[in-house]
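Shared between the two complexes below is chain A, which has chain B as its partner in the first and chain C in the second.
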Partner chain A sequence: MAADASYPAEATAVLAVDSLRMTYPTKTVLADISFEVRPAEIVCLVGPSGIGKTTLLRCLGGLQIATTGSVRTHGSALGGTPRHMSVVFQDYSRSLLPWMRVGANVALPLRAAGVGRSERTRRAEQVLGEVGLEGTSDMYPWQLSGGMQQRVAIARALVDNPRVLLMDEPFASVDAQTRFELEDLTLRIRAETGVAAVLVTHDIDEAVYLGDRVLVLSGAPATIARSVDVDLGQPRDQLSTRAGHRFGELRSEVLREIRRY
Partner chain B sequence: MSTLVDRIVPRRRGPSARGVWLGRAAVVAALLGFVHLLASADVGGAGTIPSPVEVLRALVAEVPTGELALAVWDTVRAWFVGLALSAVAGVALGALVGSSDLAYGATKGTFDFLRSVPPIALIPLAVLILGVTADLKIVLVVWVCTWPVLLQTMSGVHDVEPLAKDAARSMHMNRRQVLRFVTVPAAMPYIGTGLRIAAVMALLVCIGVELLAGAAGVGQLIFFHQTSGQGAEMWATIVVAAVLGIAVSQVFGVLERRVTRWHPSQRD
Partner chain C sequence: MRHVPLADPRGLADASPAPARPDGDSARPGASGTTAPVIVTRTTRRALHLIVPLVLPAGLLLAWYLTSRGSTALYFPPLPAILADLRDGFAGGAVTTNLMPSLSALAQGFGLAVLVGVGVGYPLGLTRGGRAVFGPILDLFRSTPVIALIPPFIAIFGIGRLSEVLLIAWSAVWPILLSTIDGVAGLEPGFRDTRRALRMSRWLEFRLIRLPAAAPRIMAGVNTATGIAITAMVAIEMFSASQGIGLYLTRAQRSFDIAASFAGALAAGVLGYAVSGVLRLIERRWLLAWHYEAQKGKR
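After this line comes the complex of A and B, so read on.
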C-alpha cells in the first residue's frame, strides 16, 4: 500500500495487516486495510467516530474475526489474541475484575498461562512499580482513582512482556491532567521496554503527540486514507512539543484529512 | 498508601450501640409481657396461649426426652439434602442456560411461572405420587428451591460484563479459565442471593410438609402437641422452628455478604 512506502515490509514487523476487510450483513465497515507495525513503534489510528476504529482494533486483537484478509504477528496468522499481544480497553472499570485485588488483577494473565504464584506476584509487583503504583497490590481497583485504575490495566497488559499493545481510546475516560500523565507513561514504557503500540483515539493532538505514525481512517467503508509520519523525534514534552511549529503543521495535516470526507 | 484511596465515608451520628440493644431488650420484654397478659386472661380458653414461663418450662422438659432433637434432626436433614440438591442442580443448569442468550430468553418466562406455583399447593399431588416419606419432603424442597438458585444463576451468568470476558479472551484464557476466573466470580453475588432465598424457603417447605402431610419432623411434632392439647409444648416447638429459621437466614446472610463484598451494592 502506497501510504506505507516509507516502511518497507521487514521480517521484523511485529504486526502485519494485509487487505483486511470487515463485512456485516448490511454493510462493509472496513475495506482493504493494510499496514505494518515495527518494533517499539507507536501507531495511532484516528478517524471520525463510528468509522470502525474499534472494530479494526478488535480484529487486530483477535476479539473479532475479519471477513477477509490477514493479521499476522511474528509470521503466524491469528486465531484469538496472539501471544506477545495484549489489549488495554477504554473502560477500566469494566475491564478490571472488581472481585480481585490490584495485584491479582495484574497477575491474572500469568495465572492463566500457568505461571507459579511466587513468580507472578514478583512480576506483578515489578510491573506495578513501572506504572507508578507501588504498594497498591492489596487494594481493590474500585478503591483507586480513574487514572490509577487505567494504570492498573496498563500494568496488566504489560505483565506478560508483550511485543504489541493494542489500546482502544485508553485515556478517553480520565480528566485532562491525568490524560497527559498517562500519555507520558505510555511513551516512557515504550522507551523502557521497546513495546510497540497501536492506539485508537479520537483526539488528534494526542495522536500526534504519542505517535510515530498517524493513520487516518475515513470513508465508507473505511480505508486508511493517509499515513502521516510524525517527525517530532524523542523525547517529547507536553509543553514544548505541543507548542512547537511542526506539531501544529502535523495536527493540521491530520485534521484536514479527516475533514475531507 | 492510604492517601491513594479516594473514598469518602460520610459519618452520620446515629444512636449508640448500647442504646440500640436496650431498645431491642425493651421490645422483647414488651412482647413477652403482652403474651403473659393474654395468658392470664386465658384468651381463646383452655390454655390456648400459655405464659412465656410455661413455654420455657415445657421446652426445658422436652429437651431430655430426645423427641424434640429427633424431630429437629428429621427436619434439618431433609432441609440440608434438599437444599444441597437444589444448589447443585440450580447452579449447573443456570450456568448452562445463562451462557446462551437463546436459551436464556426462551426459558426465563416459563421458569418464572413455575417458580411462582405455591409449594403448599403441590403437597396433595406429591402425596399422591410419592406417599408420605422422607423423600416427599426432599422432592418438594428440591422443586421449590431449585428455582431461585436456577433463576439467579441464569441472570448472574447472563449479565457477566462483556468487556470482562473480552479482557479474559485477550489474556489467552480458554473456556474453562473464563468460567473459573470471570463468569463464576461475577455470578457469585447472584448465586449467593439465590441460595439465601432457597435456604429459607427450604425450611418453610420442610415444616409445611411435615405439618400438612404428616412427615416426621418439627412440623409434625407441632401438630401432635396441638392435637393432644399440649399448648405449652406446642408453643415450645414453634419457638424451636423460629430459631431454626433465624439461624438459617443469619448464616446465609453472612455467607452472601462474604461473597459479594466487592459488589458495588456492598462497598463502603
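After this line comes the complex of A and C, so read on.
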C-alpha cells in the first residue's frame, strides 16, 4: 500500500484500486481488481460467499497486503489503516473493547492519534449524538443492544473525520428492523458528512438500497464482473424505494450477474 | 404496614388490591404495603446469602469448642486456650514480630512474581517460537515441589529474608507466567484487527487491548499462585526465618506448646483465606469488574 503524494485532485476519487491481485500459496483469490471511489460515494461489493469480498476490503484498509497492484489514497500508515479511512467490522462484540466504556471506545482512534483528553471527550460525545446515542458514553458496550453497539462502532469509525468508511457486512449481526435503521443511518451520515463508503454485503437488496454503485465480484480468481450504477436518486426510503419498479430491475440485474457463475 | 408478610412470595397478591380500593387516599398504608413485601423478600434473600456460608464454619467451631471444653489431653487442648494463644501471638504488639514479617515478605515475593510472570509471559505469548523453546523447562520448574527447593535456596541466598522473598516469588511465578502466555496468545483475531484499523502503537495496544484481554486468564493464574505462595512462605519460615508465622509454628512445636501450634496453624489458614479473599475482591470489584458484569449480561 503505497502512499502517493502526487495523487490527482481530490474531486476525482478518494480511493483508487489499480490491478489489485491477491495470491495465496495454493490459489489466487483476487485478480485484476480496479475501481475508484469518488467523494461521498457509496460503493457496495456483492458476490457469492467465499469469493473474496472481505479479503478485498481488508486490502483496501491495509489490514492485509495485496500481492500486486496498488491501493492509492491520501496518506498512509505502515502496517495499518490510513488515517482518513475507518473500518467497521461485522462483529461489534469483537471490535468494541468490553473493558472500556462507550465514550472511551469511540475516542480510541483519537487516543491512538495522540489527541488530548478533553478534545477526545468532546468529539466522542459529538459523534455519539450523530448516531443517536446521546448519554451512553459512561455505559459499557455490552450493556447496549446489538444495534446500538454497531452504532457505537460506526461512531468510532466517524470520530476522526474519515473520508472513506470501509464496512464489512456491518449489519449482518442485527435483526431486520435494526438493519433498516442502520442502513438509513449510513445514508444520513453520508449526506451530512460527505464520507464515502465501500460496503461489503451478501444482501443484494441492501446493496441496491444503499449503493450509488454495486460491484459484483465473481469467478475464480474473483474479478469485478459487473459494475451496476444505481440510478435511484436520493433520498431513499425503505418503503417506497424498495417497492419501486426500478429497484426490482436493478436487483434482478445484480442477482443475474451473481447467478451466472 | 398492617400485614407485611415476611418473605412471603405471595405477599404481592395479598397487598395489591389495596390501591384499587374506592376510598383512595384513606387506604395509603395499604399502598405502601404493595412495595414492602418485595423489599423484605429481597433483604431476606440477601441476608440468607450472607448467613448461609457462615453456618458450617460456625457449627464446626462450636463443635470444636464443645468437644474440647475441659479437655486435659495433651494433644487436644481446649479451644479457649488456643484462641488465647492466637490472641497473644497474632494480635496487638505481637503482630509486628509474628505476622507483619510474613505478610511483607509475601507481598514482596508475590509482587515480584506478578511483575516477572506478566513481564516475561507477555513477550513469550506473542511469539510462537518462544513458547516452544521455553515450554518444557517451564513445566519442569512448575512441577518441582517448592519445599524441595528450600535447602538450595538457603544455600545460595542465605538464611533470612532474601531467601524467603525469592522462594515465594519462585513458587508463585509459574502459574502467573503460564496463564499470561495463554492469555496473550489467545487474543481474539478481531481485537488484532481493531488495533491495526485504529493505528495503535505497540505500547497502546499492550495497555488498552492485549493486557486487558488477557487479564481474566492472568488473574486465574494469580489466584492459583496465592495458595502456593503462602505454602512457600510458611515452609521456608519454618526452616530459616528469624520472625513470622513459620517461626512461631516451629517454636511452638519445639517447646511442645500444642495450643500454640494450633494457633499458628489457624493463623496461617486465616491469613491464606484473607489474602486470597482480598485479591478476589479486588479482581471482582475493580480489576475485572467489566468481565464479571459482561458475563452476567450474557446469561
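Definition applied: the second predicted complex is superposed on the first by the 245 of 261 C-alpha atoms of A that agree within 3 Å, B and C clash if a C-alpha of one lies under 4 Å from a C-alpha of the other, contacts with A are read in each partner's own complex, and residues count from 1 in each chain.
Note that a contact is a pair of C-beta atoms (placed from the backbone, for glycine too) under 8 Å apart; a residue touches a chain by one contact, two chains touch by 3 or more.
The structure displayed is predicted, hence computed values, not measured ones.
Novice: With the two structures overlaid on chain A, would chain B and chain C clash, or do they fit side by side?
Specialist: Verdict on chain A: clash between chain B and chain C.
Novice: Is A:Thr81 touching anything from chain B or chain C once the two structures are fitted on A? First, second, both or neither.
Specialist: In the superposed model, A:Thr81 contacts both chain B and chain C.
Novice: According to the stated criteria, A:Ala113 is in contact with first (chain B), second (chain C), both, or neither; which is it?
Specialist: After superposing on A, A:Ala113 lies in contact with both chain B and chain C.
Novice: Contact-wise, after the overlay, does A:Asp32 reach chain B, chain C, both or neither (first, second, both, neither)?
Specialist: In the superposition, A:Asp32 contacts neither chain B nor chain C.
Novice: After the superposition on A, what does A:Glu181 contact: first (chain B), second (chain C), both or neither?
Specialist: A:Glu181: touches no partner chain.
Novice: Need the overlap of the two footprints on chain A, from chain B and from chain C, as residue ranges.
Specialist: 61-63, 80-81, 83, 86-87, 89, 91, 94-95, 97-100, 108-109, 111-113, 140, 142-143
Novice: Which residues, counting only chain A, touch chain B once they are in their complex?
Specialist: 61-63, 80-81, 83, 86-87, 89, 91, 94-100, 108-109, 111-113, 134-136, 139-140, 142-145, 148
Novice: Tell me, which parts of chain C touch chain A in their complex?
Specialist: Per the stated touch rule, the residues are 188-191, 193-201, 204, 208-209, 212-213, 215, 290-291, 293-294, 297-298.
Novice: Which residues of chain B touch chain A once you look at their complex with the stated criterion?
Specialist: Its residues touching chain A are 1, 4-7, 161, 163-164, 166-173, 177, 181-182, 185-186, 188, 262-264, 267.
Novice: Taking the complex as given, what residues does chain A use to touch chain C?
Specialist: Interface residues on the chain A side: 61-63, 77, 79-81, 83, 86-87, 89, 91, 94-95, 97-100, 108-109, 111-113, 140, 142-143.
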